Amino acid sequence: MSKVAVIMGSKSDLPVMQDAIDILKALNIDVYVDIVSAHRTPEKMFDFGMHAHTRGISVIIAGAGGAAHLPGMVASLSPLPVIGVPVKSSNSIDGWDSVLSILQMPGGVPVATVALNGAKNAGILAAQIIGASNQNVQDAIITYKEGLKTKVIESSKDLN
Amino acid sequence: MSKVAVIMGSKSDLPVMQDAIDILKALNIDVYVDIVSAHRTPEKMFDFGMHAHTRGISVIIAGAGGAAHLPGMVASLSPLPVIGVPVKSSNSIDGWDSVLSILQMPGGVPVATVALNGAKNAGILAAQIIGASNQNVQDAIITYKEGLKTKVIESSKDLN
Amino acid sequence: MSKVAVIMGSKSDLPVMQDAIDILKALNIDVYVDIVSAHRTPEKMFDFGMHAHTRGISVIIAGAGGAAHLPGMVASLSPLPVIGVPVKSSNSIDGWDSVLSILQMPGGVPVATVALNGAKNAGILAAQIIGASNQNVQDAIITYKEGLKTKVIESSKDLN
Amino acid sequence: MSKVAVIMGSKSDLPVMQDAIDILKALNIDVYVDIVSAHRTPEKMFDFGMHAHTRGISVIIAGAGGAAHLPGMVASLSPLPVIGVPVKSSNSIDGWDSVLSILQMPGGVPVATVALNGAKNAGILAAQIIGASNQNVQDAIITYKEGLKTKVIESSKDLN
Amino acid sequence: MSKVAVIMGSKSDLPVMQDAIDILKALNIDVYVDIVSAHRTPEKMFDFGMHAHTRGISVIIAGAGGAAHLPGMVASLSPLPVIGVPVKSSNSIDGWDSVLSILQMPGGVPVATVALNGAKNAGILAAQIIGASNQNVQDAIITYKEGLKTKVIESSKDLN
Amino acid sequence: MSKVAVIMGSKSDLPVMQDAIDILKALNIDVYVDIVSAHRTPEKMFDFGMHAHTRGISVIIAGAGGAAHLPGMVASLSPLPVIGVPVKSSNSIDGWDSVLSILQMPGGVPVATVALNGAKNAGILAAQIIGASNQNVQDAIITYKEGLKTKVIESSKDLN
Amino acid sequence: MSKVAVIMGSKSDLPVMQDAIDILKALNIDVYVDIVSAHRTPEKMFDFGMHAHTRGISVIIAGAGGAAHLPGMVASLSPLPVIGVPVKSSNSIDGWDSVLSILQMPGGVPVATVALNGAKNAGILAAQIIGASNQNVQDAIITYKEGLKTKVIESSKDLN
Amino acid sequence: MSKVAVIMGSKSDLPVMQDAIDILKALNIDVYVDIVSAHRTPEKMFDFGMHAHTRGISVIIAGAGGAAHLPGMVASLSPLPVIGVPVKSSNSIDGWDSVLSILQMPGGVPVATVALNGAKNAGILAAQIIGASNQNVQDAIITYKEGLKTKVIESSKDLN
């Protein structure tokens, strides 16, 4: 079955990126996790980007902070859809740096960017991508969304 | 075969969104185009979002400017992956409004956001999503990327 | 008599939105409170927006954070004046996302936006709207403003 | 019947503010227009703000650019609902100055802020405020919104 | 002798504004302190602005946060030089709102703006203004600046 | 009598800075004009800053764009009040660079900052500073402000 | 002798980057020019970055726009000093994207960032770096700076 | 051998700037440390900038916060390469002020700007500059970068 790779630029990004891993597992999707730094391990990134689509991976989720080049570079190397998670790192300028360096990719090399620290949504988006050709996964997403709805309805009881 | 819907909030967004349509056609992917305004035709948007996945559509591309609610609302209504294109409309505050109102979706409801006016990348991303489970489309993307490479190599001749 | 609806995208917005409820009650105006999420309960939002004006509601206050679509979508569905409260939620980019996605509505569908976390002012504005055709409520506002004045005058005593 | 005042800080704001006047006239609402500068005619502003509610005015629309103090100061002086239109003037810093100096009012003194240069929406909002207690005006708004819908539907024909 | 007025929109601004009072007293300049709210006590502000120059005041320092209208409105009412201190208040959008609503005054009505929370510099600037025509005060400023220099020189000892 | 120095970092700033010169001449105040670049003529700047107060100058107006260091450096060198004009130069990032590098001076060394390209207001502020100890100049300012008022009143005729 | 490489992500960056080439040639420094796209020719970039220091190059200048990854990726691959030039490309968000994605590099991998479109300064900085160990080049820089000074002095004649 | 000067505007910048000193010492490069304030000790800054290149210094690292003029002014005075470190000081507007007032230097006077609080990268960049003409230092940098790589590889073990 399809597998999703969740990679990040530094182990310090793991607390944020764990949300992607958790939701994918909850949706019964295989996950491969790795630390791949664009700036400190460029060869590893190169190898990962070049070969991911030949190693059973269908979607790549890449998280990084600051001048975040990992998602865009992997998107440059791979034909797979790449989802970018801007991480608000410690010396970030309020997160603007990671958002803009992931989002504003030039024509030809898209990165599917989610919200700042939005790793959970990256996981759901990866599932939706798999669900686009897999009815079971799409059904799991429909069920998941019903659950969101129910929680909101519950939370609104006894308000008036 | 999979079909991609390209919708936009106003016909004035068409010059920007045409790039998505063109690249999808160049990649031999079926496209459905429509004007669906979150704020002026909410019922049409509702109907579209609720039923797109039952009408042969695999991926939705939604473009909008200003307080751009169309991509997020369609993402709320559909289990399909939704790609959002922030359009820099005339009274936009430098595009920040459309970028942030598409990107910063709450947990549970992702929108795959591309660059400001990045409709071409939205089209490529949609193709990559289809290519994740369709070898022919993935091969077309690999060929497309080779073409990008060749153009850059050509452009650098005779520089020194 | 006129009633004001105070809705919000998530129960986590209630600590901010409570200020609107409190000031409306202090001004003797009926309040209806509900959790209505644009992204997780779109059908409920649709039903609320379509019918609020036929259920005795005169003004709607809607609070939401991040890519905040609730105020604008309700404004799209209802002929009533809608007041939007940008809530500074946890993963917000300093509040800019909620401010811009509420404020920058396209021509035809206004949202009366107040300051970031400005739920108290949303309540006062709703009262002013009712007071525009109700002398008692307008008098209550005049009295309230006199109170503000008195407090400032008091606070400036003994300064020199 | 209710009358709406449309005031602005400078005659150079008139091309923007005319949209408010036009839509109000189209909705058969009486309009009073004046130039009232917070910084150059403070006494006139004071007189206007103190007495507008005793001169048959129900809603005030105030437009200004740069460090835009007119909407907030009139809101401080009047018990009426005040709608603020941030105008993007020539030396504005991309409109941020007028947006923030109108929107971010302190607790107790709301301004109903609309989008940058959003005078048309200010006019519609004023009509909605009057319509909150006037069925004819509310019906006119419902009809107006139907017209918006029809235009979008028309514009989407012949696209595929 | 010349007197400097230090006014502020709310008593909650006093911890910031105290720096202006302290440095002025240290430079032996008379200070008048008051709470004057543009939005809650407009009449008091009007009276203060119209008459300050006839009551022995030479320079006005005005501090305010959020949509900060006090410095600009006092500048509109008085022929005296007005120094504006943007205060970073609790619901401020990172201070941008107070900075821009004080700084970006229209042609004809300047406010001498200092840094965010820069009340100390406002006090020094007021002293420099008085010192422009008063040799004793100018000499006190020269001495003060020598003191700054000495402290830096001291702090750099023993570094290598 | 008091003299105002108007200096700027480059002759290309003169079209903006001319407004300061013009209004000062209109108010019968002596003006000294010079090009003094912090980055290209640091010695000249040093000499100017150290000696201006001994050469009959009472107030310094300094305009510069981009990383604008001229106003702050002159303020560091001189005991006189220094007014800074942020100039929106060609490669400026929307003027934010010049605004922030002039405004955000550290404690001890104020610059009286005016609006982006606000040279006219710099001239008026310089006149107000002189007027703080010179009744004739203060009267000229009062007359000037009356003129502003009259123009607004004139412009509002025939509007209704 | 030392050689400076001037690379850029796209031939459309050449009009901006030409300033670096010109000033380096004027200072008699050898220049190597190439188009190297991080996203479209990642292998070429990899090869360039890995080997530049073994091919007689001492300093690398890299210009790119939008999500500008070229300077940072080359800095990751090379032990040489890398100067980054943020280019304001057509769909850039006012240049913020290129500035932040070049400037905000993580610890360990610096990029020497210059101003938006500041290719001329990149050239001068490269010369200064070479001049740090080459007296002739340092002397040429001293002479160049004297020339800047002379031009400013000339431009200030006949102003008063 | 070459020496690097690390200067900063205030002793309060030392905790940030210490990272530059530490990495330079770890790379066996001589360091000279001093407090030099552009605004409080302009003569000392002048003397330092004019003579650093004649006192055995090859590269200058200058850190400052707020309206940060030290790096640019030293760059104006010295023919040496100057690296600027924007320090996020206490009253900074999120660091934007120091970033922009260091980065946006005018043509002719570059500052090699690193990330907000990026003193460690400033130290590495200084070493790279020395390494451009010193094989031992370049080798030390290559070794340092290998160390970064190893740490990332280590950190990614046991993840799956």
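All chains are identified by letter, namely A, B, C, D, E, F, G and H, in their written order; residue positions are counted from 1 within each chain.
As a working rule, contacts are C-beta pairs under 8 Å (C-beta built on N, C-alpha and C of every residue); 3 or more make two chains touch, one makes a residue touch a chain.
This structure is a prediction, so every number in the text was calculated from the model and none was measured.
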Q. Between subunit A and subunit E, which partner chains are common?
A. C, H
Q. Can we say the copies subunit E and subunit H touch using the same residue numbers, with more than half in common, or are the two sides different?
A. different
Q.
Using mean CA coordinates as chain centres, what's the gap between subunit C and subunit G in Å?
A. 51
(Q) Taking the mean of the C-alpha atoms as each chain's centre, how many Å separate subunit B from subunit H? (A) 43
Q: Report, in whole Å, the distance between the mean C-alpha point of subunit D and the mean C-alpha point of subunit F.
A: 35
**Q.** Touching two or more other chains - residue numbers and ranges from subunit D
**A.** 10, 40, 66-67, 91, 93-94, 96, 99, 103-106, 108-109, 111, 115-116, 118, 145, 148
Q. Which pairs of chains touch one another in this structure?
A. A-B, A-C, A-G, A-H, B-C, B-D, B-G, C-D, C-E, D-E, D-F, E-F, E-H, F-G, F-H, G-H
Q) What residues of subunit F sit close enough to touch subunit E in their complex? A) 2, 53, 58-59, 79-81, 83, 99, 103-116, 118, 120-122, 124-125, 128-134, 138, 141-142, 144-145, 148
Q: Provide the residue numbers of subunit E that touch subunit D in the complex, in ascending order.
A: 9-10, 38-40, 42, 46, 49, 65-69, 72-73, 75-77, 89, 91-93, 96-97, 100-106, 108-109, 111
(Q) Which stretch or stretches of subunit D touch subunit B in the complex? (A) 94-96, 99, 115-118, 145, 148-149, 151-153, 155-156, 159-160
Q) Within the complex, which stretch of subunit F touches subunit G? A) 10-11, 32-37, 40-41, 44, 66-67, 91, 93-94
